[in-house]
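Which chain is which? They are A, B, C, D, E and F, in the order written, and residues in each are numbered from 1.
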Amino acid sequence: MNPLMKQGTLTHAAILGVFCLGFGIFLGLTELATRDAIAARAMEDRQNSLGQVIPASLHDNNPVIDNLTMQDAEGQNITIYRARKAGQVTGVAYEIHGSGYAGHMKFMLGVDAEGRVLGVRALSHKETPGLGDKIEIKKGDWILQFAGLSLGNPPAEKWKVKKDGGQFDQFTGATITPRGTVTAIRHGLEFFAANQAQLLEVH
Amino acid sequence: MIGGEATKSGPFAHSTNTVQQTMFTVILALSPATLFNLYLFGWPSIFLFGVTIGACVIAEAICLALAGRPVTHTLSDGSAILTGWLLAMTLPPWAPWWIGVLGAVFAIPLAKQAFGGLGQNLFNPAMVARVALLVSFPVVMTAWIAPHPLFSASAPGLADSIAITFGGQVPDGVTAATALGYVKTELSRGIPVFQSLVEYGRGTNLTYTPDLMDLATGYKPGSLGETSAILILIGGLFLMRRRIITWHIPVTVLGTLFLMGTLFNLLDPARFAPGLFHVISGATFLGAFFIATDYVTSPVSEKGQLIFGIGVGLLTWVIRTFAGYPEGMAFAVLLMNSLTPIIDQYTRPRLFGRTRKGEPLPLKGKA
Amino acid sequence: MLTAVGSLTAMGVALGGMLGVAARLLAVEEDPLELELQAMLPGSQCGQCGFVGCAQAAVALAKGEASVTLCPPGGKAVAEQLAKRLGVTVDLGDQAPRLPVYAVIDEELCIGCTRCVKECSVDGIIGASKLMHTIVAEVCHGCSKCAQVCPTDAIRMVEIPLTLAAWHWPKPASTHTH
Amino acid sequence: MATTDYGRIIRDGLWDNNGVLAMLLGMCPTMAMTTSATNGLGMGLATAVVMAASNFMVAAFRNYITREVRIPVYILIVAANVTFVDLTMNAWMHELYKVLGLFIPLIVSNCLPLARLESFASKEPILPSLMDGIFMGLGFTFALTLIGAGREILGSGTLFADASLLLGPAFKFMELRIMPADMGVLMMILPPGGFLVTGLVVVGKRLLDIRAGKGIQMAGAHSV
Amino acid sequence: MKLFPIRGGIHPEYRKELSGERAIEALPLPSRLYIPLQQHIGAPAEILVSAGDLVKKGQVIARRQGPISAHHHASTSGRVVEVTEIPAPHPSGLPQPTIVIEPDGKDEWAALPEPIADPFAVAPEVIEERVAESGIVGMGGATFPAAVKLHLGIQYRIDTLLINGAECEPYLTCDDRLMREHAEAIVDGARIMAHTLGAPRIVVGIEENKPQALAAITVAANPFPNIEVAALPVKYPMGSERHLTLAITGLETPARKLTADLGVVVHNVATARAVHQAVRLGRPLIARVVTVSGGAMREPKNIEAPIGARVSDLIDFCGGFSQRPERIIQGGPMMGTPLPNLEVPVVKGTSGILALTADEINERPADPCIRCGACVNICACGLTPVELAAHIRHDDLEGAAKLGLSDCVSCGSCSWVCPSHIPLVHYFNYAKGALNARDREQRKTERTKTLVEANAARQERLAAQRAAARKPKAAPAANEVQA
Amino acid sequence: MQEYILLMVGAALVNNVILARFLGLCSFMGVTTRIDTAIGMGLATTFVITVSSMANWGVEHYLLVPYGLGYLRTVTFILVIASAVQFTEMTVRKVSPPLFQMLGIYLPLITTNCAVLGVALLLVEGKMTFIAATLFAFASSLGYSLVMVIFAGLRERLALAEVPRLFAGPPIGFIVASLLALAFLGFSGISTT
């Protein structure tokens, strides 16, 4: 073929290649420099969210590291973070899921060894700002009312929003979000009840 | 003109139709339903009605003045009044005054005058306002109340009414769900549609229960424009008689909604409401006869109007059935408004002597 | 780190190579726009546009250095054609319409110098040396070059009168006032 | 350009030829990241950094880049800078990073940086290019903050909420509440509000320009 | 008779009762007659007389020029006063060459061609020639030279001659009166034309709102089995050639084709009568029936007026105005044109003179279009006037052309029906004219270009010759280099 | 099957790329003055988004994840996209010149269309299977094309409206987009899982 063409092709390849090489190194170095910080941030994020649902007084370990993977009722993998004090499992935390008005909602649920809610926090959701987003701790303390409750308290038929005859307030004009949240927590507690032995087992 | 060059070509005969007459005929057609509903919901609804129309007219006047166009002449075409009227008919009757004012701001400057005024807008101003309000204030905009007819024992007095409209103090225990809203919320917690329909009719879990007779006459919660389907229908037929609107849009909207409803209801009555229910509830009639038919934002050709009507019916059903909102008419109208230019382009009549593609017709068999 | 640099570089080389090939295979010849534009201009090379001739005018147009309304002989029709080809919009409404003109020779003044004959690019002037010249009105496209060279100022540019056939209704006044 | 008119570059970037308000480029982050003034500010600043760095690099290397590969190289440069910003923000400005999320990577295909590389940095020397990057970026930041402020005030009744997360605790004073909670026009922080407020801000710019006797420029019929 | 529906259409206020019951009256000979050289579509006629000449009634004073043109005749005997330019009966009011005749009052006929005793025995060419010599043009509005249309029988196989008695325009009653009073002449003229065209079948189409005319024509046509009378539904623009053809034959004329391509030729009733007079009596077209009507006219009438009589003569004959007219127009209110003044003459195409009051016109300032779609639904040509007008308003004439501007017959229905009173037809007239002007300019530019090229080529040739002449020896050298 | 349908409806209507996710807005505002152009741009973008998303899925799953190179995601994705665009341009030119006539001019614009990168990143975020990812990408781009065409239709009519000078051009475009987004909110709440 035309030699000029080959040369042109090579030139272009070389130019782009050199730039890629250069920026590859540049980015590699950046990554190296930030790797630890980013890992630390990720750990902090986890700890933060766990810290909100498992009081620090309950453990002397790092629950983020002390985790195990189990299958929930639907066969999905879930990661269980365990709080231990003096080797005893004092509480566990895991992600629970619910469906709200605008789709999927993710919470972190903390449960103590007796099956009482230690705390719940919304991790991610797409609920409408100003309406459904009151499940966030930032927007209101609605989510705090679950602390201390368990499957028997209130009784199963009261684990509903008021509109459905249960005991939990819905927000004005937005029933779907609280309903989804309450259901998700109830399912979370049922999971605990079903797997209590395994969850609290000490290795 | 006698003498000199003529400045205006023919024709030198014109029909007596005018824009003004058209608009006021529509208003006339809306009046029976409006009066009945103002009676049904009493003073607060009358206040809101007045505030909404007044705000629309004032907004229009301000915009015209700013644009340097003749204010009184253009105002007198009646379109701003009609927009305000229709908007007021879609609001919860006891909504606070600022809902009407804000609605006017959405409807007139934003949805109409920014486009150049009457005839230029791409979206139905009243529906833009309604949807913007619904999205922005879902709580206020879904607070329906049970009927409190004027002069009846339950009707709020004048002072209370002023407090309701201008103070936003709606007393407890007067709100009531509309049938569409009730069915939708119940469905979201797993109650089958047929059951909640029966419950709605019987009034289980409800503060207010309309009986069948009430449903038919319009003695039920809802907006001014949705309670009395019969009076709206009469108004719509009057418009058809006066040749302001044609059958194409209303019939296709109602027909599609009915067909979709019936079909899916047969497939799964627990999940899907019956066709007749879709047709008689919500803003179906108002939408089919008065809103989807808005000239400005619907296709001009009859074929286009058929497509438009089918689209409105279909989307209304889809939104009512699957989406988050109990009522989909307003969204459906806006969505189809957005398709109107394209529908218009593809449904132009065939030119005389030409094929659909615009080529001259072939000569058949003649030399 | 090494994988990162390696894979990125590899991709870069591959992509660069591909682009190089593409550049060769897909090379486009010279822009034929100028020729196309030139074809639209009247071709009378009269220079009224301020360029040496139509070809230069076309070059300027293609570069976007000249307005599509540059050519008076071409008038509105050419301006619109150019605008369409170049995808620009012109507000011809604002442009004062240049009434079409044609040249007339004042028989009294003409000395038959034949200078105008040589100027006329459409052979619109008839007449032999030393004799009176006349202009074929239908052919004249109003460039006025002849008028410029006439030593006795015998040539006037006259507006083409409006005829019944050419008259048409004016545009109605707009209904909107803004 | 024999002598560089830095005043011109600054005026163009901040106002006259503002990337968002006049050129209508970079619309995606403009819409997506302006639910509050703080978000707009953060996104704007991140973009400004990327733009300044990319403009600088392209101007520095412009003589070594052939025509055929210029787009990939430009994109590569922008992408590398974005990744750099992404990593460093993740590491050291984590709170903001969580807010800006998906849109940091999208700076890569934000049309504005690329447009400036094409039309400015590839032709001009290093210093003017750097200036252009900085001021186009700041203009972008300005526009985003303005739109964000409009949407935030109308939509949630606050202004610069959470600014301290972005700028540090010292900036707590900026966080204002304009209207009582629950008075906001929700629509404004939803997608329609993004388009609406942007449109109104462009109208506002036109009004100011008209008042300044500049007339309306009909920009933005095309992109890139 | 089975009729076919046409799309759209309107029902304006007809007001035919104003003049419908007034029998045709002849106009007293006016003091001057103004005969323009161009009263028809095509090239203007060539003038044959000059100031001072004495002319006789029916004498040819201007001769057709080119294939599409028409003779003009003196409408009475008298003296040619001058040949001058006076405003044409045209909205522009532009002056036009006109022969001015001062009648001598004797109304003396010139030597007329012999009547053709049995027109059905002669060759079509003979009739065509006679029609051409008689200066007959279509009297239904288009003023297309009738002889040219009769010639269509040679090129096409014509199976139907449609006689257009629809008279769908409001006010006008001239065709109605003609049909009532001269049914036999019309039927005879139609038969002659059918013979000329070789058309076996004749259909006379008359709108149902003219029962007497229908009856009269039916009686007159009774002896002839090949003539049918169609009672047409009352709907404007039923009289339009193509729509009439569709309504009666069910055939839709393709765009840019003639009805003759479908084997149909359409002629107006007045044209048929003129043909009858030319063939049977040898008389040229020197007068026509004009409806003078309108709310501002004191005494509406149907007047048989000599060509060249001034509009003011006719108005005076009707007793002048009863109130100040808002507009005086020529033709019907839907398709007619405003007159520049009252001194313009009646020409061969003048079917009506209407003095209309403001109430009748009911014109209002235009409001913005509310997209009601009425114009789209009533346009008999399937156009979307609302869109066309929007394109034209934004100076996008090509856009309008693409939407079918050229297919608009300017019937005026859309303007009539528009609730916003948008001057739609005015927009279309403007756009059609502007597009034509643009075409003309374009053609001129093209021609200039070819001329320039020819000139350049010649210059080059000359230069080459000169060069060759100057140094004859250099030439072979150059050749060698090339070789 | 049903989950795929829901996924597609969600991607095309509920979370429309343009109106809900705010991606590809520059082309949305820029190349929608005529319906034909919008159709062309829609087709070209649909093709590129689908192809490059498939490729990027591969890159993610066989390069970035196994080798822990997540931080190079942006760079590699954009390179893949640029090559997909170039590749598309070349193949289309080779295989179908008429199609190239139609789409060719849009291709360079697509490299800098956020929607392409945005959809690829969304796929990664959503941890989808290859089939789901492909369908998602395809449906997203269909949603993109739909809105492009609708908007172009609206703007064609807008071009004939008497928009006040102050609003003419981009501002009214934004307002129309706003109202269109408002209308599309009607789909919100359609459950897509």
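Following the convention adopted for this analysis, a residue touches a chain if its C-beta (ideal position, glycine included) is under 8 Å from a C-beta of that chain, and two chains touch if they have at least 3 such contacts.
Quick caveat, the model's predicted, so the values are computed rather than measured.
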Just to be sure I understand: going only through chains that touch, what's the smallest number of steps from chain C to chain D? 1
Which chains sit in contact with both members of the pair chain A and chain D? B, C, F
With centres defined as the mean of Cα atoms, the chain at greatest distance from chain D is chain E
Compute the centre of every chain as the mean of its C-alpha atoms, then state which one is farthest from the centre of chain A. E
How far is the middle of chain A from the middle of chain F, if each middle is the mean of its Cα atoms, in Å? 31
State, to the nearest whole Å, the distance from the C-alpha centre of chain A to the C-alpha centre of chain C. 70
Using the average of all C-alpha atoms in each chain as its centre, how far is it in Å between chain A and chain E? 85
Cα centroid separation between chain C and chain E, in whole Å? 39
Multi-chain contacts in chain C: which residues touch at least two other chains? 4, 8, 11-12, 14-16, 19-20, 22-23, 169-170, 172, 174, 176, 178
Shared-contact residues (touching 2 or more other chains) in chain F: 71-72, 75, 79, 82, 162, 164-165, 167, 171-172, 175, 179, 182, 184-185, 188-189, 191
Listing for chain A: what residues touch at least two other chains? 8, 11-12, 15-16, 19-20, 23, 27, 31, 101-102, 128, 131
In the complex formed with chain B, which residues of chain F make contact? 35, 149-150, 153-154, 156-158, 161-164, 167, 171-172, 175-176, 179-180, 182-191
Given the complex with chain C, which residues does chain F contribute to the contact? 63, 67, 69, 72, 75-76, 79, 82-83, 86-87, 89-90, 93, 162, 164-165
Can you name the residues of chain C that touch chain D in the complex? 12, 15-16, 19-20, 22-23
Chain C contacts chain E in the complex at 42-45, 73-78, 80, 84, 92-93, 100, 120-124, 139, 141, 162-164, 166-172, 174-176
Note: in the complex, chain C contacts chain F through residues 3-4, 7-8, 11-12, 14-15, 18-19, 22, 25-26, 174, 176, 178
